[in-house]
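Here chain A shows up in two complexes: once beside chain B, once beside chain C.
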Partner chain A sequence: MTRRIPPGLIWVAPALSVLAALSIYPLLYLMKVSLTDAHGFTIAHYARLFQDRLFSVAAGQTLLYAAVALTLEFFLGLTLALLVDSLARGRALIRVGLLAPMLLPPVVAAVIWRLIYNPEFGVLNGMLRQLGVNTTSLTWTSGRTSAMLSVILVDVWQWTPFMFLLLTAGLQAIPAEPLEAARVDGAGYWQTLRDVILPLLKPVILLALLLRSMDLLRIFDQIFLLTQGGPGSATETVSLYIYRTAFRFSNFGYAAAMSFVGLLITMLAARGLLRLTVAVPAEPPCVSMRTDVIKLS
Partner chain B sequence: MIHFLFVPSLRIGIIGASVTLVLLAGCSRPDSNKALTIAVNAGVEGSALKAAAREWGELRNTRIEVVELPYANLFEKESLDLQSRTGAYDVIMLDDPWFPKLVADGGLTPLPREPDGDFLASTLAVCRSAANFYALPYVGNSQLFFYRKDLFDRYKLGAPDHWQKVLEDGKTIGAGEKIFGYVMRAAPGNSAVTDFMPLLWAFGGDIFDPQGRPNLASPEAIDALRFMVELGKISPPGYAGFNAAEVSAQLLQGTAAMSINWPAWIAAMDDPSKSKVPGRIAFAPMPSARMPGVAELGAWLVAVPAASPHRDAAFDFIYWATDPAQMTQAALRGNPPTRRSVFQSPNLKKNFRAFPAQLAALEAARPRPRTTQWNEIENAFGVSLSQANSGAASPEEAMQRANREITAILERSK
Partner chain C sequence: MKTSLKYTAAFLALAAALAPIYWLVTISLKREIDQFASPPLWFSFTPTLRHYSAIFSHDAFGRYFLNSVIVSTCSTLIALALGLPAAYGLVRFPWPHDWARGIGFWILSNRMLPPIVTIIPLFLMLRELRLLNSLSGLVLVDVALNLPFVVWMMRGFIEDLPKEIEEAALLDGESRIGVLLRIVLPLVRPGLAATAVFCLIVAWNEFLFALILSQTESAMTVPVGIASHVTQYEIQWGAMSAAGVVAMLPVLIFAAAAQRYFVRGLSLGALKG
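Now for the complex of A and B:
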């Protein structure tokens, strides 16, 4: 007796095939490479991860980079979104201006900042010298402690607009009634922000944090162009180390093992944020939406 | 909307014009079957080869595609192509320390005939593996010591022939001129290692001992790094993140008095459109210390990948580009030659004042260790050097760490 194929499976088969070809197969292949060396099956690549000082340094610095950049981008993005949202006129123009850094390719942004940060000929130290600041020790991307801060600032400059964009869209979608009710009840600005706006904005905040944190944990291009992981290993990140291991040292097995562990860390972080998103209580039903919808043009 | 295509006379006209255009394009376009794809370094080292490729293409009526890649990406693109045998490149330009790895992967084609004896021995030695030659030397790079002759004369200082004198003269000139006495590059990886090797050798150290064991924890190596950190005190702030471009920019702007540099930058130093101090920089061999000064060899080679679909044409090009006449042309474009006859050509010697120093440095230059693990070793070593120069580690700690990591790299490769 033959079993019938459920009709639903036939409909989702093309999508499943694409998913298998583009996501599942590469992941399985990555795992196979990470468990293989010239002699066959091995767990040596994973064992090496626990002894590799540079990997633990890179992993710690990646987490530090992501945590600091995410915090700064979120608070700056939220502040800007609230400020622009409160303006009566010129919001569209300010939005376009604020989004400009995000529209630049990361390579271009990194090159611009490399020139800005140059201790001798850069515009940043030049301006500080004009103000009478002694810039001898301000080496930015070349300083042992300032290098990480410098690359984080570039990320904040380029990606705060992304936070701003999402949070502005979230603010525009908040129904007018709860805000009016709060005002009628005599709530001040901070009380309205804390008890009405932020709770209603929570799903958007979590989505923004989720998207940015995944991106930040994979940071590569800016650091590669600005510091190459230096000075020493002061700005080495996991992605940079994986790239070097695979393409400079031709050690694809170890690079695959690091990628797999990096993927697991990112998935765990994303899973945590997703659970928070799901746990958010449903918004109160919207009676009427605000009419000043976001315009990007 | 396109009903006009159905008008017979117009249709015939359009078809006729198209056929004529295709025929004309076919006549003027070089034979696409003979197209050559050449991977070159995007920098001063690659410019002469690009120009030579264009000339050869016109001469042989062959289409040339030059793929220009920055130093950091050139190796990985070439290595991937050679390992996967894609045949993407017919000719590749490679830095000499990459040669052992690319040959070990079986990615290069042995030369059909041995290079002639006019090539300098030091540059030919890095093109050979076992009994076969796999590449021809194109850019005769070996480090030179660049210094501001005008300032040395002004302060009545003799040529900087000893590292201690470099440090002292750098302090004197720096204090008197309000510029940096020295400039070096100590960004992690290739940059830091390249500027450290002449110091290491001059102090009597080396990366490996005669038995091939890592030897960076030796007193000589630690002393050399201590001295490098001292030199850092008269270098521009931030030198721990500098690469070749930043070092050359300091010299071209006249803000530093001395540095180690590559001959490919000599033309820029003498070019008034690029330099604020044209003609004021002199070029000398590496200073000595406990041992005579030795420069690091940084020759660029040209080779034909095993998977090249146009091997005959590719070999024709690399032999043509490295023959004495073409190398003379390349030298006129600022390319440091690899042939003795070109260095000794009276016409060229008149125009290129650094040729005698370049030839002397190239003849005595020492290559980096010939190992397939060089990229990984250089990275580990360079990170330690950069840490010492940025103050993140003491010279002792940095060298001991580098020694441990290089030992581990060699263990893993067994």
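Now for the complex of A and C:
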């Protein structure tokens, strides 16, 4: 190895310094904030975490939200990807339509679902009334038990398309030969799915689950805009709780400590999921999925 | 499965995906009396453009719109200007061991940081620099959001180019910068355009950073502006949905322009903050 400075460094240096200034430095700063209070060094913020019931409630609800949404989005996305892939005509058009929700700004999705969920004038209760359902108790986002379900439903609506997109790309990348071989061997649809398609799809499935769970664990926008974490703390999540602690109550030290613990949990979760990928390729699979850019048109 | 059954299922899914968006559009075009009609009016109502003219004439919406345009354009341009040379440097120069991979991964790992984690120190830092409620602060954090993405996208596109043309030009006495500007840039233009579109969408949709960094009316972007009205005037459905339609139109147009690159872009989390 030469001791010279690599010649490419000067090309990379501007980007690296901007990123360092906007990520490494802030993280160190955050650590400092989490370890100080008005009197200097302290670990009180971290100690408080273990006694804070609201934090554990928020953490539990974040996990619940992520687990339920991930499961629903995965199975729906996979079903839809397989279904649309098997259609003879109109695939391109159906795919474009199915992807639309994912593109919307989260704030627009929230506006839409407010119009839908409004107990009195919303279209959901309006349609249910048309079907003769008594809707007086159906309060959706403002009900203590229904609020969580309602925000999960919005997530499923907006982000199942993401699963659908990745899995469709994965399906299109499966070579024809093994499918042909299965057919020649007389394998039925379910057998082909279980023994040929799903194993070949595994890397894409794991990637999709990884990316989605990272996003789900940091969920903020939709919940903030639909319920603000309420009613009570029925839809409180870790991101919302950190936001409130820092920017409503100006308790930056405690918010910083929570951020660090949250970051740790997210990273461990990501690691665990990455481990599952047998023989992780040198690059994340998303970047090597060069050839299977989805054909929409 | 029977073909007709399959198509029925596919169209049901399509309806579930699109009906909510369609409903938003109809509400934005309905008079108040039709908005609250029971049973809901899906098709037969008298359309009006009054809510659209209202948001652009009365509210600060024009201001939000302009802010969003400025922030997403500037942050995209800066991210491209920093990211393209970085990608080129990583691909085309000799690096000891696997430095190139290490640096690439470190850059990508920045994208994985939850925004709520980075925003707290950034807020405190920008407060000290007196850059709160200014567009430049927001541009800065959006650059940080998009830069890793630009490097990774462009890396892939540059790797796809044949090395030989560049090497020939270097032998002819062209400088490295000349090669980048005159040979690489024209060749990667489609990829660069797609990357730019994704960056624009990310910055346009971005909510959390904008919510925290711009709290005055004059610095708000469209998402934050809408959000502040959602909570204030719950009952102004017309204005709210007209604003929503205006906010989503640019994204749908941009997305149509970049649809070929959906997978590569979106799997890197292009649309998430």
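Here, the second predicted complex is superposed on the first by the 257 of 297 C-alpha atoms of A that agree within 3 Å, B and C clash if a C-alpha of one lies under 4 Å from a C-alpha of the other, contacts with A are read in each partner's own complex, and residues count from 1 in each chain.
Please note the rule applied: contacts are C-beta pairs under 8 Å (C-beta built on N, C-alpha and C of every residue); 3 or more make two chains touch, one makes a residue touch a chain.
The model shown is predicted, which means the values in this text are computed figures rather than measured ones.
Student: Scan A:G230 for contacts with chain B and chain C and give back first, second, both or neither.
Tutor: Only chain B; A:G230 stays clear of chain C.
Student: Quick one: classify A:T71 as touching chain B (first), chain C (second), both or neither.
Tutor: Touch status of A:T71: no partner.
Student: Contact-wise, after the overlay, does A:S56 reach chain B, chain C, both or neither (first, second, both, neither)?
Tutor: Touch partners of A:S56: none, neither chain B nor chain C.
Student: Touch test for A:Q191: chain B only (first), chain C only (second), both, or neither?
Tutor: The answer is neither, since A:Q191 touches no partner chain.
Student: Could you look at A:F121 and tell me whether it touches chain B, chain C, both or neither (first, second, both, neither)?
Tutor: Both partners.
Student: In the superposed arrangement, which partner chain does A:T141 touch: chain B (first), chain C (second), both, or neither?
Tutor: A:T141 contacts chain B only, not chain C.
Student: Look at A:V108 in the shared chain and tell me whether it touches chain B only, chain C only, both, or neither; answer first, second, both or neither.
Tutor: The answer is second: A:V108 touches chain C but not chain B.
Student: If you stack the two complexes on chain A, which partner ends up touching A:F247: first (chain B), second (chain C), both, or neither?
Tutor: both
Student: Looking at chain A, does chain B or chain C touch a larger number of its residues?
Tutor: The partner that reaches more residues of chain A in the superposed model: C.
Student: Taking the two structures together, which residues of chain A meet both chain B and chain C?
Tutor: Touching chain B in the first complex and chain C in the second, residues 121, 247 of chain A appear in both lists.
Student: Would you tell me which residues of chain C are touching chain A in their complex?
Tutor: 1, 3, 6-7, 9-10, 13-14, 16-18, 20-21, 23-24, 27, 35-36, 38-40, 82-83, 85-86, 88-90, 92-97, 99-101, 103, 107-108, 110, 112-118, 120-125, 140-141, 143-144, 147-148, 151-152, 155-156, 160, 201, 204-205, 207-208, 211-212, 222-224, 226-227, 230, 234, 237, 240-241, 243-244, 247-248, 251-252, 255, 259-264, 266-269, 271-273
Student: In the complex formed with chain C, which residues of chain A make contact?
Tutor: By the definition above, chain A touches chain C via 1-2, 6-12, 14-16, 18-19, 22-23, 25-27, 29-30, 33, 80, 83-84, 86-88, 90, 94, 96-108, 110-116, 121, 123, 126-127, 129-130, 157, 161-162, 165-166, 169, 207, 211, 214-215, 217-218, 220-221, 224-225, 239, 242-243, 246-247, 252, 255-256, 259-260, 262-263, 266, 270, 282, 284, 286-287, 289-290, 292-294, 296-297.
Student: Show me the residue ranges of chain B that touch chain A in the complex, using the header's touch definition.
Tutor: It comes out as residues 72, 75-76, 79-80, 83, 101, 105, 186-189, 236-242, 246, 249-250, 253, 255, 373, 375-376, 379, 383-384, 386-387, 389-393.
Student: Provide the residue numbers of chain A that touch chain B in the complex, in ascending order.
Tutor: For this pair, the touching residues of chain A are 54, 118-121, 136-144, 147, 227-234, 236, 244, 247-251.
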